[in-house]
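Chains here go by letter, A, B and C, matching the order in which they are written, and residues are numbered from 1 within each.
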Amino acid sequence: MLKQVIKLVIAGMVITLSVAVAYAAQTTAPFPNLAPKELVVKRGFSKDATNCIECHAKKTPGIVDDWKSGKMAHATVSCYDCHVVEKTSPMASQCEGLKGTKIFISPMVSSKTCSRCHPQEVDQFLKSGHAKLAGNPVIDNKKFIKLMYYYEGAQFIGVKDDAPQSTASRSAGCQMCHGTQVELGPDNKPIKNTWPGGVGTRYPDGSIGTCTVCHTRHKFSIEEARKPEACASCHLGPDHPDIEIYQESKHGQRYAAHGEDWRWDSAPDAWQPGDYEAPTCAVCHMSGIGELSTTHNINERLKWDLMHQKSVIRSGERGDGEKGDELMRQVCVNCHGTTHTNVQRKTLDDAVDLYNTYWDGATKMQKELAEKNLLLIDDPWNDGFQELMYYLWHHCGRRARQGAAMNGPDYAHWHGFFQVFQVYKDMQKIYEYRIKTGKIEDLSHVMSTGPL
Amino acid sequence: MLKQVIKLVIAGMVITLSVAVAYAAQTTAPFPNLAPKELVVKRGFSKDATNCIECHAKKTPGIVDDWKSGKMAHATVSCYDCHVVEKTSPMASQCEGLKGTKIFISPMVSSKTCSRCHPQEVDQFLKSGHAKLAGNPVIDNKKFIKLMYYYEGAQFIGVKDDAPQSTASRSAGCQMCHGTQVELGPDNKPIKNTWPGGVGTRYPDGSIGTCTVCHTRHKFSIEEARKPEACASCHLGPDHPDIEIYQESKHGQRYAAHGEDWRWDSAPDAWQPGDYEAPTCAVCHMSGIGELSTTHNINERLKWDLMHQKSVIRSGERGDGEKGDELMRQVCVNCHGTTHTNVQRKTLDDAVDLYNTYWDGATKMQKELAEKNLLLIDDPWNDGFQELMYYLWHHCGRRARQGAAMNGPDYAHWHGFFQVFQVYKDMQKIYEYRIKTGKIEDLSHVMSTGPL
Amino acid sequence: MLKQVIKLVIAGMVITLSVAVAYAAQTTAPFPNLAPKELVVKRGFSKDATNCIECHAKKTPGIVDDWKSGKMAHATVSCYDCHVVEKTSPMASQCEGLKGTKIFISPMVSSKTCSRCHPQEVDQFLKSGHAKLAGNPVIDNKKFIKLMYYYEGAQFIGVKDDAPQSTASRSAGCQMCHGTQVELGPDNKPIKNTWPGGVGTRYPDGSIGTCTVCHTRHKFSIEEARKPEACASCHLGPDHPDIEIYQESKHGQRYAAHGEDWRWDSAPDAWQPGDYEAPTCAVCHMSGIGELSTTHNINERLKWDLMHQKSVIRSGERGDGEKGDELMRQVCVNCHGTTHTNVQRKTLDDAVDLYNTYWDGATKMQKELAEKNLLLIDDPWNDGFQELMYYLWHHCGRRARQGAAMNGPDYAHWHGFFQVFQVYKDMQKIYEYRIKTGKIEDLSHVMSTGPL
């Protein structure tokens, strides 16, 4: 495949070398390692497992290359072990190589399969918010779906309410992180772009969750899951810029500056300060550190719910916030004195209070406008007040709170509170105008186009 | 130059060390390597070439340090070989060191020079969109230039139409990526900040293109060009956030987490999965992989035109989109099964369809407004409808399409379709207002200030 | 877990310590490194110093782990040496371990302490803008504080002027970078979240500045301070996206691509091109390079003031801009020829000129509106014209200038001049409307909500 002609110009003199010819003379394949992979694996794998490996080493060499450097391959866990399903499974299908055999597989592997070897991790995960992400908003929240998808590809481009809508934004956007319900065609292959999807994906066999969102297939690397980039594919952007906040923080600064020299492969619970000089997302929210054990329930160490409209201390299915606060402090004290930790936690509490005050004020205005028929209840995206209220919560209000939680001052201030108060005063002016005039302003919706 | 006083405090005891003195005793220059570089190169370079190297090792040591670790230096390609030009060249000049000799050089080196040794690469490059970037918009598109530069430094700051304008925004912005036409002064040195510029730069000798935009001079490293950062200097930001999309994608996540351990120096066409665990920009768009050979025509593997107002399958001078789709799938299959690849390609097609539906709707409204004299045809940046239409295409519409193409859900949704529909409904309201009232709204332009 | 053999070389004399042996004898825990750290340090530290180290190895192991790999620990500088204060110090307190002793410490360590060993560096720092950052805007600028904090948590959420306000945004935002005046409670511990804070922090003993903002405690690594991420915690975001500009620039591209292989630990003034292939922030603004010596006065090599409303050549307490230009050119010539350097500096000068023209035009309009009582002087955040003027200067106008200064075309153009002219023409339209109608437009403030 060496198609390049090599011509050297040395000090003005052109030397044309017959390098390619010389190569061809030495060996039939100039780069032997580029010949179609013929990986032969005889390390006690079953014949069926070996077939998968050897065939896919040719068909999809990248997957097999990835797998062979991972812990699974070293532990003799093969393609077969995770992908094989009962013939009766709703996800059962056969690739070309399996046609005519009794073996059925699925390209889809859910947390249920992982739990066969990692039951505790999957148990913890299923209790976490991560496992519930497909439900809200992608599947269950009808009001939200109407709000979001009605407009996307329906009203605004003249499609009737009952006409089929494009799901393009859903497929390319929301469900990539949230997950969705996988739908299958007659051949048990996924349809409507419902697979692959995010961490909360619901599978046709009733199982929930995709572990490979963080432990990327087919290497399944613990090192990767410990790095902040593992979280960054979803925790970014205008509505929860967690990776941006981390990167701005002193923690992230040290990761960027020194992370390449840290020790990433310590066994779970044995990964401790000294292996790293600053925490990654995993360290604070998941890893064993000091007295704490590793958890895959990412709600466990959280005090506040910083995602929803009004922030309250977590309780019920969202976790135990008081306990969460205590656990998070147990993380902090590994590197910070009590004074420092107290200040940091107090700053977060104060930020939540301030945001909530704004949110309460907005809610009060909203109620009064609703009572006086001064809201476009059925058409909120065309109502400047309601649009701004959405941004107050979902965009700048989250950034203010999460920026304060993780020490990203730009996100707490410029992308956060600075905008919270800009948005709030604009809501206040619209409110005053409506109350005073008794009508909804012309073109108000245009005034809050938001980010372009 | 060591000016720092070294004082050690050990357990309260102050030990003042006479380190500086000891040094001074050893050698007249405390750090011999900091003395003016006197690099002596006698490896068969011509005398003229040696002069360049030895002089610049003193004058601009950074360049020579860079060069000496690169493949060019190892292959005995010197400053002289690339910078020397005929006396009659429109770019011929002489540095201080050449005054009085018969040697003429140019600080500018275009793809024409590179093609002496890399003809195939330059041929491919010249067929690509990269080679055409200086033309549109920086040089040829008169309408665009009027739109952009008339306002920048003309109308809005009170300068008359025919007065000389500032080219500051052009020099510091557009042409840094696009390139421009290099203009020369009487001494054949570039004037009006027209050099150095981006990949499409047109040189006074009629040649086109700057290879060092991706293969940074003077190391010309293939490793660097294979890393996503090589593309990131231009492919970023509100109008084509390709690096941001990549960084969000699973591909980028793995690069960030493991890239430092990948193998970056395999020979062209021999760089394959296994050398890397996930593709970079180069892998999918340029590199030899599986059956595919390396190409420097970055249009070759593209199906859709995702840059222009309406997305169509590429044809003519923008490439062969059907063939491009086939080639890109040949990239994907190295690591992904057919189901996965089909879903991904379908998601892109659907996203293009959805965007086009919005664009068609916008175009229809625009035509009707134009027919009814309800557009400020000659003053589009002061017309809210037209401003929003620009953002619909050039900003959020591109982000939606490119986010879908490369699996960046935040860019497909939040920075993409979510804003596409916000902008579209605002355009729709302005359209309805104008049709209903028969006039253009007051202060409409202010309503669409856009991002601040 | 101390597997490292510690060997000190002091002035040519080798001291080998048997630290590791003591450890090996103690281990009974399955993961010995997980047992509470019992670090025994007998390398000539005083008993008091040893107590601090040994106790904190248990209480806050992360700090001690960090310290032990740094130059301070190797030079036998301990916790005690930097944290101990006179009993009479306004910051004197005692941790649990010190209760009943005569030793007083402070968790706060200012530049004054650092200057005991690094007097020259602190002298330079105190002359720089960095040392003045707490004053403006966090403490001294009453007008700004009114503007900012009045709205945050006061007017808009119904709190009366004289009621206590939330300082949440201040604590989580501004002062994290700027610093503030540390306030102490009766136990001499900081209150009101006034510590820890940014680089300009003012301490209760009258000292100014926190060196560990860049040389993160408790490793104090020069390598870290040389990496761009050290600056990125503060120099980012909408109002001065310096790290983003750097990352876009060719300089940043090369850092991202190759930085992990560069030499980061050369002695001060001895860190030169060849150790790195492209400059970081430190290289251009602080480090010794060629004939230049290291400086901790980051104003020293600057020509223009690119932060304030109108850009002028620096003079007085903001530095000597003409000298700064000369010094910066001495940096550039290490890697760039004169033609290239001249073009780059000219591009910056032109960008400053263009921005200033816009700013002057805005100022002229503002004056005329003020004279005609067409500005909400006491309520600027509710006045569209004044809001836009703030963005013109503080956001897009800075981005245009700083993007041009550091070769980030996206920031010079899209986030810079493109928005400068959009904002300017909107200001112009508001101005025209007010002059023509003699009144301030309804809901104008809503029109300039800005970024959401």
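The rule is simple: contacts are C-beta pairs under 8 Å (C-beta built on N, C-alpha and C of every residue); 3 or more make two chains touch, one makes a residue touch a chain.
Quantities reported herein were computed from a predicted structural model and do not represent experimental measurements.
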| item | value |
| --- | --- |
| Interface composition of copies chain B and chain C: same or different, split at half | different |
| Chain A onto chain B, rotation angle from CA fit, given as a multiple of 5 degrees | 120 |
| Geometric centre distance via CA averages, chain C-chain A, whole Å | 31 |
| Between chain C and chain B, distance of the C-alpha-averaged centres to the nearest whole Å | 29 |
| Sequence positions of chain A contacting 2 or more other chains | 238, 260, 447, 450-451 |
| Chain A-touching residues of chain C, taken from the complex the two chains share | 1, 31, 33-34, 59-63, 65-66, 95, 107, 151-153, 156-158, 166-169, 171-174, 176-177, 189-190, 193, 195-196, 216, 219, 221, 223-224, 227, 229-230, 232-234, 236-239, 260, 381-382, 442-443, 445-447, 449-452 |
| Partner chain A, residues of chain B touching it in the complex | 44-46, 49, 75-78, 80-81, 116-117, 119-120, 238, 247-250, 252-254, 256-258, 260, 267-270, 272-274, 277, 288, 290, 293-294, 333-337, 339-340, 343, 346-348, 350-351, 353-354, 357-358, 361, 384, 388, 391, 395-396, 400, 403-404, 407, 409-410, 412-419, 421-426, 428-430, 433, 441, 444, 447-448, 450-451 |
